[in-house]
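Here come two complexes built around chain A, the first alongside chain B, the second alongside chain C.
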Partner chain A sequence: MSVARTLVRESLDHPALLDRVVDDADLAGAGVNSGELIKLALRLEDHLGRPLGDEELLGLTSVNAVAELLQNGAD
Partner chain B sequence: MWLTHVLRRGLDHDPDALALRDSRRDVSWRQLDRDVRALASLLRRDATAGSRVLVLSGNRVEVLETYIACAAAGLVAVPVNPALTDPELTRIVDSVEPSAAMADDAGLARVSALYPDLPRTDLGSVAELASSAEDAAQDAAQEAARSAASGDGEHWGGSLTEPVMILHTSATTGRAKGVVVDQRSLQANALSWLADVRPEPGTPFLNAGPLFHGSVVIALDHLAAAGTVCVLDRFTPQGALAALEKWKIEHAFLVPSMVRLVLEAKSLATTDVSALRLLLHGAAPMPEALAREARDKLGAELQTIFGITEGGGPVLTLRPNTVVGEPPVPGAVCIGVPMLGAGLRITDRQGNDVAEGAIGELHVAGDGLMQGYWKNTEAAAEVLRDGWLNTHDLGCFDTYGRVWVVDRRNDLILRGGQNVYPAEIEHVLRQSPHVADVVVVPLASELWGQTPVAFVQPVSPEQFDEAELLGLCVAELAAYKRPSHFLPLDVVPRNPSGKALRAPLRDRAHQLITEREQTT
Partner chain C sequence: MTVDTAASDALLGALGRFTTVPGDIGRYDTDAETATRALRAELGQVHRLADEGLPHRIDSERGPLFDYDDLMNVGMFCGTGQTVPELGLRFLMRFAASSRSSWYAPRDWQIGVHPARTAGGDGEDAKGGGDQIEVTVRLPDLSAPGVELLSEPLPDTGLKTSGYQAEVRLTGADQTVRDPRIHEVWEEVVDAFASRRVNYQTVPETLRADHNRAWEMGIADCVVAARLLAERLRAAGLEARARRGYLLGLFGSDHAWCEVVEDGVHKSLDPVFAFVATVGDERGVAESPEFARACYGGRFNRLLPCRTETADPLVYFDGEPAPYWAMVGVSARPGRSS
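Entry: the complex of A and B
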């Protein structure tokens, strides 16, 4: 499993939800709630070792978007 | 008349001072007055007094403007959580039969798909609407202004006892209940707030919660103080911290989960939160260790608020720096004393007042109480009796007359400040042909306070299908109501009258999830 997918999975109250979500699907539309998205953002901050900016936070909409942030977002 | 009075007072105090702000707009009291008049005129055009106006939107200043415009025009605003699924949304809309909808882009798309004939207006167009209304009908605007100055027009402002909002709550029956709020309730709450929280004119207040929620009255309370209500589009810890710094926020209301997340955000270390003087918290118990950490890291005083939507919002408060000592019952949380104008009784099951230290049910009274539930007199009669509202919270008085909450009598689950009733989830899961019985109980969560856990008794053991249960919940329930775990059960334990025995299942959920976490 990709790092992005693992980070998303670890942020979910019910990790099995991610089994239903393909990488380019909208996370909120697939049933991921706002609290889980917040947890994901905090996990990403820990992973990257820096705060996320507004645009980065707004862009966390899919597993692919998380992967892109991980790829391009490290300082 | 209450909300238009608030508007009038703000205008009189300083028309150029900020009333509202969000990431898109700063709205002065003068602009707020223009927007409200334009909106009220638009909404009243095709509606009769008392008609409902659906409000389907994320947070933005125009949502608050719509509430005030509805009050001014004698209409009833019905805000709905945009996270609800289509089945949840349509049940509410079909019940309130709105004459119009005010919505953001996403809401407009849903309204046009689900209710193509319902007149709808883009909340993003309000400022433009006010501007063109002013250009096209300056005479009428001047007349309206004269009318307002001379004591207001025939319909302007509505009466104190007219419904002004219907706020929907999760329900014991499995269907949302609409709490009918009148202007007297908003007035009573604002006067309590001014006395017990004491915002001042111009005090910047951060509204981080959703504006469809019962806590929206707190934003209206700050407007009553001629304060500035700063609206977050949606809560994120990073966004809240940025707002605290950028808008020099002095008062904020957060639920404990939000406080914990703010304290965990990396940007806290580099954010200037020195303007923050008072952090109000409510909707769930605040752990003492978290309160201490918040005081240390945010440098603000903390004030506890205990409220209930059916009671008109906040009804009890524990002022900052009140030393309360040890709880009279292990695990109890102090929620202070009734706010100005609110009454409180703690009674036994027979309705008799209990002695100090004895545990009973909390009942509240005052002008803030709801008128009832929309089209549901039976449910209202179950909680309202002789002017007292049964909150179903269990608590006791200490020797100083302060109130401590111990537990809840009904099955409400408080997940990150949002109410979830097990019946709503159980109703959805029973739709599966593979489910023979189901019981949902709360599981303690360090971050969210509680999450729902579903115990499912399948028709036969091999028919327990977690993926199917999850799919049903995703399709039928807003995401925050989705159980965090589905657990198979041979037989749901019930007492002789058929009532599910939830207490042992709570313990079993805790045990099973702890074991599961230890093995992963």
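Entry: the complex of A and C
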């Protein structure tokens, strides 16, 4: 499993939800709630070792978007 | 550090730092397991809260049951910086640290309003419609300045059953207020927060409906402050209304503010944003005097007003204001053209 998918899974109250979500699907549209998005953002900040900017937070919409942030955001 | 790995007393620091919901209006229906998710805590930490005096009722099968608003305040005041309420505020307010021009430029948003029907549930509950609760949601005010609907038309009513999705373009306005009468009332309210005469905390909807009682108790949230400010401005002879809608960002959050008419223009007054930007780091939000000043008249491109002039609730269950947790099913993301 990709790092991005693992981080998303670890943020969910019901991790099995992710089994039904493909990488480019909209997380909120798939049923990921605001509390889970908050936890995802925090895990990403911990992983990257820096705060996310406002535009980066707005971009956390899919597993692919998380992967892209991980790839480009480690500075 | 996360609360999960912190000491068992990590949440106790919140007790005494906020006013618990009066017993006559408390809804003690949130179990400890739900509380652990909202607070990112372990079960033992939540049970310690009950042991140390957080109001609760004991259910023979479910154990201690708490008022959800009290739990949100525990999260907001425990000082760990790691609970969902603290993190939510921090992430939603991060835009205040962006450039001034970014607060006002046209910005497209997709919003999905599918309220959760169970504490700890998700928006899928509402979309599936598998239970018996009738959900009613308040629709965006498309006649408001700076609001443009980009998607299919919404019903021309204030309320709609179930939920909705929409794409909107929000355009802010960089403006301020000159009238000294407005300034006097504004200072009264903001100073009450800043001096801690009034504690900024979550207030249950039942108490919001009696905003003067809440203010006299020394507690207020955005709804209480918006209603009080509008009432005082009207008493001073000005045209003012209490607005309520969504603060859009990582997700959509229920928020209220005030609007006053000056020079024929509705100008926003947001005492809670101004206070939060003034106190800065207390909850992990960057201090920004420039942003605090912008809350006095400026309109931000991520506040979507709904159709109410008295800051009425955005979601109802069976005709009654929905619990705070229903809002976890409100999503926001940049629009397709952004």
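To be clear about the criterion, the second predicted complex is superposed on the first by the 75 of 75 C-alpha atoms of A that agree within 3 Å, B and C clash if a C-alpha of one lies under 4 Å from a C-alpha of the other, contacts with A are read in each partner's own complex, and residues count from 1 in each chain.
Here is the rule we use: contacts are C-beta pairs under 8 Å (C-beta built on N, C-alpha and C of every residue); 3 or more make two chains touch, one makes a residue touch a chain.
Predicted, not measured: the structure shown is a model, and the values here were computed from it.
**Student:** Could you look at A:V3 and tell me whether it touches chain B, chain C, both or neither (first, second, both, neither)?
**Tutor:** neither
**Student:** Quick one: is A:L42 in contact with chain B, with chain C, with both, or with neither? Answer first, second, both or neither.
**Tutor:** The answer is both, since A:L42 touches chain B and chain C.
**Student:** Check the residue A:S34 against both partner chains and state whether it touches chain B (first), chain C (second), both, or neither.
**Tutor:** It touches chain B and chain C both.
**Student:** When the two structures are overlaid on chain A, which partner does A:G59 contact: first (chain B), second (chain C), both, or neither?
**Tutor:** second
**Student:** Taking the superposition as given, does A:V22 touch the first partner, chain B, the second, chain C, both, or neither?
**Tutor:** After superposition on chain A, A:V22 lies in contact with neither partner.
**Student:** A:R50 contacts which: chain B (first), chain C (second), both, neither?
**Tutor:** It touches chain B, and chain C stays clear.
**Student:** Where on chain A do the contacts with chain B and the contacts with chain C coincide?
**Tutor:** Shared contact residues on chain A (touching chain B in one complex, chain C in the other): 13-14, 17, 28, 30-36, 38-39, 41-42, 51-52, 54, 57.
**Student:** For the complex, which residues does chain A have touching chain C?
**Tutor:** Against chain C, chain A makes touches at 13-14, 17, 26, 28-39, 41-42, 51-55, 57-61.
**Student:** Sort out for me which residues of chain B touch chain A in the complex.
**Tutor:** 83, 234-239, 242, 257, 261, 264-267, 270, 416, 447-448, 451, 466-467, 470-471, 473-474, 478-480, 482-486
**Student:** In the complex formed with chain A, which residues of chain C make contact?
**Tutor:** Residues 2, 37-38, 40, 82, 84, 87-88, 91, 94-95, 97-98, 102, 112, 116, 120-124, 127, 249-253, 327-334 of chain C touch chain A in their complex.
**Student:** Sort out for me which residues of chain A touch chain B in the complex.
**Tutor:** By the definition above, chain A touches chain B via 13-14, 16-17, 19-20, 28, 30-36, 38-39, 41-42, 45-46, 50-52, 54, 57.
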